[in-house]
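This is the structure, below, for whatever I ask next.
Chain naming follows the written order as A, B and C, and within any one chain the residues start at number 1.
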Amino acid sequence: CMGWCAGNFFGRQKNTNIRVSLPAVCFVWQIAMIILFGVFIRYNEESDVRKWIEFKHSHNITSDIENDFYFRYPSFQDVHVMIFVGFGFLMTFLKRYSFSGVGFNFLIAAFGLQWALLMQGWFHSLDPNTGKIYIGVENLINADFCVAGSLIAYGALLGKVSPVQLMVVTLFGVTLFAVEEYIILDLLHCRDAGGSMVIHAFGGYYGLAISWVLYRPNLHQSKRLNGSVYHSDVFAMIGTLFLWMFWPSFNSAITAHGDGQHRAVINTYLALASSVLTAVAISSMSQKRGKLDMVHIQNATLAGGVAMGTAAEFMITPYGSLIVGFCCGIISTFGYVFVTPFLEKYFKIQDTCGIHNLHAVPGMLGGFVGAIVAAAASVEVYGREGLIETFAFEGDFATRSVLTQGGYQAAGTCVAITFGLVGGALVGFILKFPIWGDPADDNCYDDEVYWEVPEDEETIPPVLEYNNHMIHKHQDISESNFSVEQS
Amino acid sequence: CMGWCAGNFFGRQKNTNIRVSLPAVCFVWQIAMIILFGVFIRYNEESDVRKWIEFKHSHNITSDIENDFYFRYPSFQDVHVMIFVGFGFLMTFLKRYSFSGVGFNFLIAAFGLQWALLMQGWFHSLDPNTGKIYIGVENLINADFCVAGSLIAYGALLGKVSPVQLMVVTLFGVTLFAVEEYIILDLLHCRDAGGSMVIHAFGGYYGLAISWVLYRPNLHQSKRLNGSVYHSDVFAMIGTLFLWMFWPSFNSAITAHGDGQHRAVINTYLALASSVLTAVAISSMSQKRGKLDMVHIQNATLAGGVAMGTAAEFMITPYGSLIVGFCCGIISTFGYVFVTPFLEKYFKIQDTCGIHNLHAVPGMLGGFVGAIVAAAASVEVYGREGLIETFAFEGDFATRSVLTQGGYQAAGTCVAITFGLVGGALVGFILKFPIWGDPADDNCYDDEVYWEVPEDEETIPPVLEYNNHMIHKHQDISESNFSVEQS
Amino acid sequence: CMGWCAGNFFGRQKNTNIRVSLPAVCFVWQIAMIILFGVFIRYNEESDVRKWIEFKHSHNITSDIENDFYFRYPSFQDVHVMIFVGFGFLMTFLKRYSFSGVGFNFLIAAFGLQWALLMQGWFHSLDPNTGKIYIGVENLINADFCVAGSLIAYGALLGKVSPVQLMVVTLFGVTLFAVEEYIILDLLHCRDAGGSMVIHAFGGYYGLAISWVLYRPNLHQSKRLNGSVYHSDVFAMIGTLFLWMFWPSFNSAITAHGDGQHRAVINTYLALASSVLTAVAISSMSQKRGKLDMVHIQNATLAGGVAMGTAAEFMITPYGSLIVGFCCGIISTFGYVFVTPFLEKYFKIQDTCGIHNLHAVPGMLGGFVGAIVAAAASVEVYGREGLIETFAFEGDFATRSVLTQGGYQAAGTCVAITFGLVGGALVGFILKFPIWGDPADDNCYDDEVYWEVPEDEETIPPVLEYNNHMIHKHQDISESNFSVEQS
């Protein structure tokens, strides 16, 4: 047993049979969710029939159109698509890991959003009188936001972990997220509509830290599968485009009704547009014949949306948004060209999807952009009521100045990064134990480990059928001993 | 002629040339639609400019936001995506039948929704005074719902029928649907917002009954094409994910404004989340090394949405929704592992997509869950007004008790199943005539029958080019007589 | 230099190294956008926090739901998906040009919508007092519409141009669009909600004219790559379906609130449904065994949506919409079968995607249908207020009769076509200069020219591995001189 453990710990042999561990984790955690929901989760006053009718009476509301459902649902739909199709298909780019990319994303998001409803519910929607968490569509959106942090982390680990490990990453990721979100949004009273800090910076550094702890010295043995093929790159563009198109909804989903949502959409739309142009430019410049690299087009074109997360609801001005996207497209693409290989070589951080360049750094930049824009806010631009409304300068925070707000925004960015790094390191060590069914260094990026994969070739082309026939006719008895390598 | 008919009837030869029958059906039925629309279909008062202006005046409505368009259109968009992309791409999983899967789904849905507008219009939107059917966006949503029943049936028949047969399946499927929907929703006064009974149970058993009548004893001759390849499985995940993500919209699309739609979204979202975890768990347990099967991930993860169709708008509580999804994920996956092969072997039901496990059984369960939840409804939970509103205890049904309602809900489930089985058997016999251009038993699951399919291989890889060259150099004159099998 | 230019001009040698030109264009134009946005673009009163609060006060608006965001955003989302996923994936059908199809569509749309916000802003949203352009979500929708014209043109040029040329096509395309849109919608006071004239007829003839000027006499040398493979056809269906499903949103996106948007959705939905049936019918009839052609299903099924662009908001009646779709499905498919080859052979117009049949002709027909329906409008059908509202018979146009309106609608169609043809010819000549990095005639339809393309084969199947082994064992020293063709 000691020998087996030692053998596993040093990567000589890995048992990837998850026939007990994966179902156990799924069943036990799902039953736990049911019990916890039974104890804590109830419909809020906009989704409970009795309470909504009472609410309309007491607030003299005549039309159902005032139900928050109609303000938030269109945005919710888009966020949901980003979580499941956007992230899911973006991670199908590997030639032989598409099932795991989209499939495990599906699994951990489905679990994570339930756990997030609880975690975030305890922090934000818990009624101290009844001890219940009351949920509505805004909780669903926030749960999707919360789980995004763990999906971002998956991007760094893609191909190198088992689904059981991913469930652990998500369990802790959601928990850490709920805590840091509470600290940043409630205690520090930051604004972060699109989560540059609480989602992207946190999720990015969380994934990088885990990956650093789980560094695989012989990962090069799986090199042949660590890349794309023609059609897997096209599949990944489905993910890219749905993320890109719906990012305005993402950044406006929980913004203030009215002008807030409207402005967040415009700002995000513009930042994303300019980051496409600069990502294409740098990608072309970085190849000797100017040829574009699909990895850049799939990822760096999204950097503007990440960086605009915090400032989307501020009066950053349309050209301000273009500038943010312009810069982040450049920085992100440079990251893919230079920084990711550098991090792998000198810092031992293996980052499969390059989340450092799309989430970690642009998220951090987005947090600082938000800090600057907040500090520069003025009554002339926002109006007195507008300033109060945008930064929620109410209650305990009524006397806060915009400079102070800017300072807190910067602090919030640092909190998010810290939670990511420290939390990720801890989770990484938990995942180092040889009990999770993760693959050996020479068996990464391969769906065969966790999936029943259908026959390898799309069809056996007739010419190959014929070739097979010819070869079998010519072969000697002695050839029959050649063991055909099973892929 | 008799011999030819006999030969066809016993499957010895099949004429799959549809150059006359398919265009004839399309042209004649489309012209019929135009004529019937000309006689019957008009814009309703929310889409007719003159009537809407009058309506606003007479109801003292100042804002256009009260137009039902704004309440229903976001849901409509999502339902529409489920019908065309969700079902369409879910049926691209076969290695050589993707064109027919997505293409015939497209065709029969485009026809079916026109016929549904008429059929459902006669039942629900016909003004006895004018004799016209007045339509708005809610009719479009209901038409999409109606056609879903026939698309579900296609799932059982996928690969084994001609497009002309599918048009017939749809013609009758829509007609049967409109009748059973009227019986269940209007006469029995059941509630079935997401159609567990009227769509899924009906559609599932309809397809199974047709497939049973059209049983093919030598279908094993097409075995090599009855399966997926790597990338067709990834295409199918597009379908799965769009169905999964938009199911909350599906189940809330025609629910009562306000809290009803809001709650249906929450309930469906949760049921779907838990069915993912249990589907993954059972899939892993059912393989000796714990490997997941894409068929389960593509289909059984959706079972929660099907089963939540009836109860979505009820106060089933969030943990109640999780329990429904938990159970249905298990039942559905077991169905794929054990029941579908069993049904094929002992009941002669060949079910290509396993609709038994995703629609028929979960739909039936959803109907019974709805019956139980309805019977358990109380004034404490719903409020007096809420109870009346949720179950429409008005007019002729004002004195109905919740227990009675529960009984009718259960009866409604049985009506839906009966319509499916009896209707399907009848349609099956109509389709047995050898006039529809269906393929022979050894020619199923093959796009070549009805489509001009491009060259088989994606590219001829250079190594294969070289191989071809080498083999041709070495081959004997005698080899040239080998007839290369055309795929 | 002269010799080099002459050599290039006559196509003997082409330098496709865009390492300087593409980044230069992207950087310079993006910086220009930033400067122009800084000078001109501001948030409008619905997206500016200070102004929205003032607006609510001054108009006694109590609820944020009145913000135009809630009226327009759902439609905007769908239009955005059509532009990036719809057009983008529709152009992935070529076997080796999917990266360029979806990738260059992405690039030029991201640039084009910024330039469109300026161009259209100068025409429509410029405040003469302040000299600023005030933008909101309706401007974003109009920018997406504007860019669609250039994306349509790309369809004719797909495979034959460099990305730098496409940027030029877009720069001029957006400019021309803004001018013709102003002439047609403002000066002629036409109605064209879904852009049959201003988007489709213009964009179609623009692309055809450019293609005619850039005619390549030896394009047949790239014939082997000018076609699809099995899975690229399935990818293209993603584009087709998203275009088809969201076209109702496209045609209703900028229609009058309330009944206008509602009716436009119904009319478009119906026209699209009937064009599917007739496209399938003609496709089947045009092949001797009735087999369908994916090109028809991918494109001609959309013709109903194009043709309904102008008349969608009119009271064309539901059966009127079915008739429009019925006819356009036939015309469009005939176009693909007969007209496109004819145009290539006799008119020297090489039209890769057949935009003539989907956009140019159906757009023109849609314009004329709109003219007829407008001329036939009456007070009985529309109501007095409705007539004024639908055709905006206000201000300078208050005394216009419907017959005059119809005449202007027909004139508008001619203006759109003229702008397309003349503008396209001019742009074509600009693009003929050998400075844009376009490929040689034997190097078209190939992603390798502008992209780093991953390894050609999806995987090397085991049987091929074995074959390789066998062949290498048998080969003679003399074979080693055979130069393997690099694809």
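Some notes on this structure:
Assume contacts are C-beta pairs under 8 Å (C-beta built on N, C-alpha and C of every residue); 3 or more make two chains touch, one makes a residue touch a chain.
By chain, with names taken from UniProt: A, B, C = Rh family, C glycoprotein, like 1.
Small disclaimer: the values here were computed from a predicted structure and weren't measured.
Summary of the copy comparison: rotating chain A onto chain B for the best CA superposition needs 120 degrees, to the nearest 5. Look at the contact of chain B with chain C and you find different residues on each copy: under half of the numbers used there are shared. Work out the mean CA point of chain B and of chain C, and you get 32 Å between them. Residues of chain C in contact with at least two other chains: 65, 70, 74, 96, 230-231, 238, 456-458, 460, 464, 467, 471, 474.
On chain C, the positions that touch chain A within their shared complex are 16-23, 26-27, 29-31, 33-35, 37-38, 41-43, 46-54, 56, 63-65, 67-70, 73-74, 76-77, 80-81, 84-85, 88-89, 92, 96, 98-99, 102-103, 106-107, 110-111, 113-114, 135-137, 140, 163, 230-231, 235, 238, 437, 449-467, 469-471, 473-474.
Interface residues of chain B, counted against chain A in their complex, comprise 65-66, 70-71, 74, 78, 95-96, 227-231, 233-234, 237-238, 241-242, 244-246, 249, 257-263, 265-266, 269-270, 272-274, 276-278, 280-282, 284-285, 287-294, 297, 301, 315, 317-319, 322-323, 326, 381-383, 385-386, 389-390, 456-458, 460, 464, 467-468, 471, 474-475, 479, 482, 484-487.
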